[in-house]
Amino acid sequence: MPLDSNHLIGKEALLLLLHKEDQLPEKLRQLDWKYCKGKVGSMDGQKVVAAVETAAKNQGIIKSSLYRETHALYHAILEAMSGVTRGNNQIGTLLRTVGLQFAIVRGNPYKDKEEGEWIAVALYGTIGAPVKGLEHEAIGLGINHI
Amino acid sequence: MPLDSNHLIGKEALLLLLHKEDQLPEKLRQLDWKYCKGKVGSMDGQKVVAAVETAAKNQGIIKSSLYRETHALYHAILEAMSGVTRGNNQIGTLLRTVGLQFAIVRGNPYKDKEEGEWIAVALYGTIGAPVKGLEHEAIGLGINHI
Amino acid sequence: MPLDSNHLIGKEALLLLLHKEDQLPEKLRQLDWKYCKGKVGSMDGQKVVAAVETAAKNQGIIKSSLYRETHALYHAILEAMSGVTRGNNQIGTLLRTVGLQFAIVRGNPYKDKEEGEWIAVALYGTIGAPVKGLEHEAIGLGINHI
Amino acid sequence: MPLDSNHLIGKEALLLLLHKEDQLPEKLRQLDWKYCKGKVGSMDGQKVVAAVETAAKNQGIIKSSLYRETHALYHAILEAMSGVTRGNNQIGTLLRTVGLQFAIVRGNPYKDKEEGEWIAVALYGTIGAPVKGLEHEAIGLGINHI
Amino acid sequence: MPLDSNHLIGKEALLLLLHKEDQLPEKLRQLDWKYCKGKVGSMDGQKVVAAVETAAKNQGIIKSSLYRETHALYHAILEAMSGVTRGNNQIGTLLRTVGLQFAIVRGNPYKDKEEGEWIAVALYGTIGAPVKGLEHEAIGLGINHI
Amino acid sequence: MPLDSNHLIGKEALLLLLHKEDQLPEKLRQLDWKYCKGKVGSMDGQKVVAAVETAAKNQGIIKSSLYRETHALYHAILEAMSGVTRGNNQIGTLLRTVGLQFAIVRGNPYKDKEEGEWIAVALYGTIGAPVKGLEHEAIGLGINHI
């Protein structure tokens, strides 16, 4: 059941963002891992959620016809947002804004095939006052079975 | 006042962990940025805080004789923990354990020298049941002025 | 994809507790839904989590060899606890204690078979000061795909 | 001071919802317990609060001229909402919606008459994406002295 | 129903602490308002709760034989603690300690006698690392109907 | 490093509000401590943040051209709001409104000059239903190094 240190789904999602990579490493694509990237800037939490969900559905990362996949993704997004907001998932209501890139990765990070597929949502960018420059970096990662 | 995209303090702290680097890039060391790395595994939140604080003091990242530096570091640690725990900063009380590496970086990530020093605390590792393998990855990042 | 109003997994878990039933209705047992019940009283959050997890594993509700099943159950337990504690998942650290019954149900509550299995954890009992009688009722329900 | 197991105010409120009952059991009506039921669907937390408050006032469960009664009810509603939202009391800002039924019950659930009146607010229904069918059940219960 | 600006229960509780007063103003004692003061220092949240509860019972501010009074006090204490801890009610588990004075006041702060009695719990002191001097001030106030 | 009991920055900020004082004591003005006061009433959390930030900038308490000063102030405001809202920093979304006075004080509350400047934000007023009179008092205090 241990994580496979060559297939760390969270780390791969984070590196897609931090290195501005366009794709996952070759070995993971061969394993048929799915992924996509996107951007969202907003003071409105629901727009962040929507941007990630829409990308995941449009890029075929999840099946939009299955609620269980949307449910898995949704909770991964909220967990990633709690890293960015450091706990409360509030943005504009506290007079702050985010400028984020996101990466979504789907695959099995465990040595045991039985563990099946998991989904990772990584967010990286800035959070701060709604004034250019009054901001610092933030990161978040949510991981869920799917 | 904007962030200098070559001196992103959060990103540098995260890359120290994700790439298992031993040190910051040459250009940042020349700017006299300080940093250190360490590890901590525990079900006890206060041990995570203590491990990061002790490393920061022992490695000279902060002056232990000044409360304002301890205060800046402390809040950065709590923010990083909220990413790892996804919001509540509770570990063992919810029957889970963490195995984390941490990186602490101190320097000025802004184009304007007046912005002075900032501190970033990054945590990366696993969180899960207190049983080997029943775990997934987690990340957290806290950034504060110091 | 809609919920099937005859197979509401959360409602079934709650009725097991509120009516002190010993088993699920016949129609659900014929659908091979799994369930179990138990009790736990503690000031210690991790004991509540452990009691529910242990019952689920011992009664064959989840496979203990698969982390994805433990992960699904764990988050359902935490969600149920947040109902009981009304948000913070803290018990003894705030000088209160709980006396709870729990029910765990596994099955597909949706009309579409593709939605697969879900798990519901219901908690019902009392929360209050660690003195007999200084308490009121509390409830919690967590639902997750598994 | 113990709870009277025949007069469990939280359980009665929950059964009104789960069994789609129109009224409390005869024995409780004879004790002059008050109750009402209603429905609310919204992405907006304040509309949930308002719907429950308005019903309680219109049905004479609380006296709208006394702040202490509004205060007791308000905190019971927030506690019930924290069960439904599993901790953060946020709905639309996280791109989700609720479809809830609510029951409010007022009476004395303790053996000792001196304990006076208490109020229970129970919420039961669904929470999920603002798309029909992408939802699961949720429950919440708040109890307060009044 | 408005608050009576001469009988502000929260303000009176705060002034007892900030001015190191031993008693409430004469006019409030004539109205038979009850109050007491005390101290508690701890890394353990439950000791803070216990210290305030014990003082309230021993000084006759609340009747220990009535759960409704303990319940009203308990929630006022938790609300005051959330001000001191700024949201999470965690102390030692996050490696910090508090040194607090507390004041409890009971009376009717409203113009309308029908509003009955209310209770205010005020906490004032320091919070910080478990090292002398590494601390700053904190305050909290909880108010409840009783 | 200990706090100087004659220069308690949080206490001074609170007394400005509770005593409706117009200015800090003479001894603190001679030490060149800065301060200002203001009012804000809203159901909207971001308006509370904005009112305090605007006053601090307009009155010269912080330099608006430095993000590190805005950052220090912002976190002090959020901490003060968490006292007023008792944890969740939500106002109108939970159908409640605040009527607050605020005081901001900047100075060094420690015996050691090296501790430099700190900022305190105190909020005092009422919170309650958006109906005149359905409200009670609330307080909050945030303190940060600057």
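Chains: A, B, C, D, E and F, in written order; residue numbering restarts at 1 for each.
In this text, contacts are C-beta pairs under 8 Å (C-beta built on N, C-alpha and C of every residue); 3 or more make two chains touch, one makes a residue touch a chain.
No experiment lies behind these values; they were computed from the predicted model shown.
J.: Spell out the chains that contact chain B while also contacting chain D.
T.: Of all the chains present, those in contact with both chain B and chain D are A, C, E, F.
J.: Just going by residue numbers, which of A-C, C-E or A-B has an interface where over half the contact pairs are the same as at B-C?
T.: Going through A-C, C-E or A-B one by one, only C-E repeats the B-C interface.
J.: Mind checking chain A against chain C and telling me if their interface is mostly the same residue numbers on each side, over half, or mostly different?
T.: same
J.: So which chain is farthest from chain A, going by the mean of the CA atoms in each chain?
T.: So the farthest one, by centre of C-alpha atoms, is E.
J.: If you average the CA atoms of chain B and of chain F, how many Å lie between those two points?
T.: Distance between chain centres: 28 Å.
J.: Would you mind pulling out the distance in Å between where the CA atoms of chain A average out and where those of chain F do?
T.: Distance between chain centres, rounded to whole Å: 36 Å.
J.: Just curious, how far off is chain F from chain E if you go by their C-alpha centres, in Å?
T.: 20
J.: Round to the nearest whole Å and give the separation of the Cα centres of chain C and chain F.
T.: Chain centroid spacing, chain C to chain F, equals 43 Å.
J.: Going through chain E residue by residue, note those that touch at least 2 other chains and give them in order.
T.: 1, 67, 71, 88-90, 93, 110, 118, 133-136
J.: Would you pull the chain A residues touching chain D in the complex into a rising list?
T.: Listed in rising order, the residues of chain A that touch chain D are 44-46, 49-50, 53, 67, 70-71, 74, 78, 88-90, 93.
J.: If we count contacts the way the header does, which residues on chain A are in touch with chain F in the complex?
T.: Residue list for chain A touching chain F: 88, 90, 92-96, 128-129, 133-136.
J.: Spell out the part of chain E that touches chain D in their complex, as residue ranges.
T.: 1, 65-68, 71-72, 75, 110, 114-116, 118, 144-146
J.: Considering only the defined contacts, which chain D positions touch chain C in the complex?
T.: By the definition above, chain D touches chain C via 1-3, 8-11, 14-15, 18, 79, 82-83, 86-89, 109-110, 118, 120, 122, 124, 126, 132-143.
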